[in-house]
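There are two complexes below, and they share chain A, which is joined by chain B in the first and by chain C in the second.
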Partner chain A sequence: MLKAMQCVIERDLRLYFQHWGECLIPVLFLILVVSLFPMALGSEPKLLARIAPAVIWIAVVLSLLMSLESVFRQDYQEGSLAQIVLSPYPLSILLLGKLIAHWIMVGLPLLVLAPFLNILLQGSSEGLGVLGLTLIFGIPTLSLIGSIGAALTIGLPNGGSLLAVLVLPIMMPIVIFGTCALTAATEGVAFYSELYVLAALFILTLVLGPVALSNAVRASLA
Partner chain B sequence: MQLEQVWRNGMNRFLHRLGSLQVAYQMAGLCLPWFSTLCVLMMVYGVVGGLFLAPPDVEQGDAFRMIYIHVPSAFLSLMIYGVIFVNSVVYLVWHIKLADITAKCSASVGATYTIIALFSGALWGKPMWGTWWIWDARLTSELILLFLYMGYMGLRNAIREPKRAAKASAILAVIGMVDIPIIHFSVEWWATLHQGATLAKFSKPSIASEMLYPLLAMLGAFILFYVALLCVRVRVEILKRERKTQWVQAGFAAQGSGAA
Partner chain C sequence: MLKVNSLSGEWDSRVLFSGLTFEVAPGSALIVSGANGAGKSSLLKILTSLSLPSSGNIRWQDQLFKAGDPDVLSQLLYIGHKIGVQPALTPLQNLEWMTGISRKSVVKNCRLALEAVGLAEFEDVRCEVLSKGQCQRVALARLWLDPPICWILDEPFTALDETGVSLLQDRFLTHLKQGGILVVATHHKIALKPYPCQEIRLEPVKDNFIF
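Then we have the complex of A and B:
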């Protein structure tokens, strides 16, 4: 079973490497969205430092949404998603493998980029570690939720905007806890409780998410 | 033993009949006048008792009367999401078509109640708090609930194929229901972090009975209105889906010739 998941991960990674330019798009999008804020608000360092955590989090959510929109599209069009559904292995495990590959190629670069964006926005260096920690838990949780939305909207016209409408309300608690932890950290207050809640939400979605995801894929392919 | 057998047989037959859309159509038609009559009666009592007979509030004056619209619609907005959730689970497990139809027909009613709750809250907030909107925990949760409704309806509208639409939106409803307590908890957390105890924390004194009974009547009336509306909408939806079957065509033919 784990072997099958490994196969899916390897296959997806190979595909990502063949089209590695596509993996750069979410990263570029993240940088662009973040750099829009100083241009719109002015470059006053105090203001930028205050909004830095929120801006980075929102930009991460948006670029994840954008990349998740097409996470199943290619496989659906060429029919390999149907093959995955038909395979004797549990669908939720195989889909989790796809998401792990997606995390390696998209989530991880976003995570690596976040500290640099923090510098770009004059964010405090004390908040840096906490930013990384919240994103470590936050990005996989957001991807799991977003992928369920992507599975429900496979093959629909204007699925992208629909995906955002479906998934953003469900993502709100994660954004709230992520930014709350960061606000607490920059103010020098204890932020562990928010981090624990984030971690708990991550584990909850890790357990329940793949089940919902496999059902969503089945519903869309039926 | 035998009694149990009889009971089980009868129960099975009842459930099976409920699964038949024709029976559901007729039952909804039978119940509709009762629900609507009761609804009108309760609403008349609630409106007269609440808007005219109940004394004005000591602190809020006449503005408190918004409660007779606001509280029932806020209650209904959550209750209807619960109804959609239950029906979605029933549909996912047993594939009962009626459950899907009920969920579909409930969604827009629930969304409308959510909008009414938000608007009536804003109208009440203007004279009371001096602002139409504050990012209070309860208001924010209600707003996110509206987004959930919109997403649900959007997904349903976007999918042409009825079976896929039913399944996909049922899955979404279940996920949303799991998320609602988390949203509520997170928003409460967020609101306490960003603003201290403000006027949003309205400590409600125990309510006088002349005010309470009309409120309960209005709550009952709103629920009955929803149920009655659901009956009408379910009947229309059944006719739409079963338009190619014999019983619907026979019914229309009879109506067309003036016999019914």
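Then we have the complex of A and C:
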């Protein structure tokens, strides 16, 4: 079973490497959205430092949504998704493999980039580590939720905007806890409770998400 | 043994076929024919459990076939209208992936299978530079890889040249000889003698909307 999952991950990584330019888009998008804020709000360090956690989190959510839109698209169009569904291995495991590959090529660069953007926005140095910690749990959770929406909108023309409308409300709690933890850390208050909630949400979506995802994929192929 | 009992299928709330009952025994074939849009592909998708029938049931070795049943899926090979070949990968990578996710396959034989379908020199070229017929051969190469018992193929002759067609026909005959089951939707006349072969002809859909 793990071998089949590994097979899916390897192939997807290979595909991502062949179209490596597409993996750069979410990263560039994140940088651009975040750098829009100092331009629009002016470069007052205190203001920027206060909004930094929220800005970075929202930008991460948006760039993840953008890249998730196409996570199943090509496989759907070429018919590989039907082969994945017809594999005797558990569908949820194979789809989780696809999401792991997506995390390596998209989630991880965003995770690495976010602390630098925090510096760009003059965010506090205490917040730096916490930002990383919240995103470690936050990005996979957001990916899992977003992928369910992506699977449901796969066969629709213009699915991207529908995807955002569909999954953003469900992503809200994660954004709230993520930014709350960061604000708490910047103010020097204990932030562990928010972090624990984020971790719990991650575990919950990791367990239930793939099941929902496989049903969503089945439904859109039928 | 594949048994289908009073199967009905609809698409976009139009009845494509209803009350289909048939049996395909090991070593025999079923040809699904009919005009474009008559519901051939839909019938095959229902047989693979990708789509659900609106009524009726499918039995495989006398057990009810439910979507995602791993025992049945490991005995089933489906090549659809969309063949599942990624243009950015080479034929070998494509084939290795397809076999990697299906249980009954020997990955080391992938090169031999590609050789059998006449793609020996193209193993390491990206599929996007291959012709449509060659891509079809990449997908069909799975049939040469110690494949499962029941083949469900949707228009397998699409874009194949004459040698390709006769190659595939010969492969069908060996499969039937080994006691395999073959379900093909096609417009081609295929000669599968001396093996038993039944034909289902689907009539084109009239405007029989269900309200």
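The working rule: the second predicted complex is superposed on the first by the 222 of 222 C-alpha atoms of A that agree within 3 Å, B and C clash if a C-alpha of one lies under 4 Å from a C-alpha of the other, contacts with A are read in each partner's own complex, and residues count from 1 in each chain.
Keep in mind that, in the parts below, contacts are C-beta pairs under 8 Å (C-beta built on N, C-alpha and C of every residue); 3 or more make two chains touch, one makes a residue touch a chain.
In this text, all values refer to a predicted model and were calculated from it rather than measured experimentally.
Residue contacts after overlaying the shared chain place A:I119 against neither chain B nor chain C. Looking at the shared chain after the overlay, A:L108 reaches neither chain B nor chain C. When the two structures are aligned on the shared chain, A:L94 is found in touch with chain C, with no touch to chain B.
Of the two partner chains placed by the overlay, only chain B lies in contact with A:P173; chain C stays clear of it. Of the two partner chains, chain C is the only one touched by A:I84; chain B is not. Residue contacts after overlaying the shared chain place A:L201 against chain B, while chain C stays out of touching range. By the touch criterion stated above, A:A222 is placed in contact with chain B and with chain C alike. When the two complexes are overlaid on their common chain A, residue A:L41 makes contact with neither chain B nor chain C. Shared contact residues on chain A (touching chain B in one structure, chain C in the other): 222. Within the complex formed with chain C, the residues of chain A that make contact are 3-4, 7-8, 11, 14-15, 18-19, 74-75, 77-80, 82-91, 94, 218, 221-222. Contacts from chain A toward chain B in the complex involve residues 148, 152-153, 156-159, 162, 165-170, 172-173, 176-177, 180, 183-184, 194, 197, 201, 208, 212, 215-216, 219-220, 222.
Against chain A, the residues of chain B that register as touching in their complex are 92, 144, 147-148, 150-151, 154-155, 158-159, 163-164, 167-168, 171-172, 174-176, 178-179, 182-183, 185-187, 189-190, 193.
By the touch criterion given at the top, residues 45, 48-52, 67-68, 70-71, 73-74, 76, 78, 80-89, 93, 96-98, 100-103 of chain C touch chain A in their complex.
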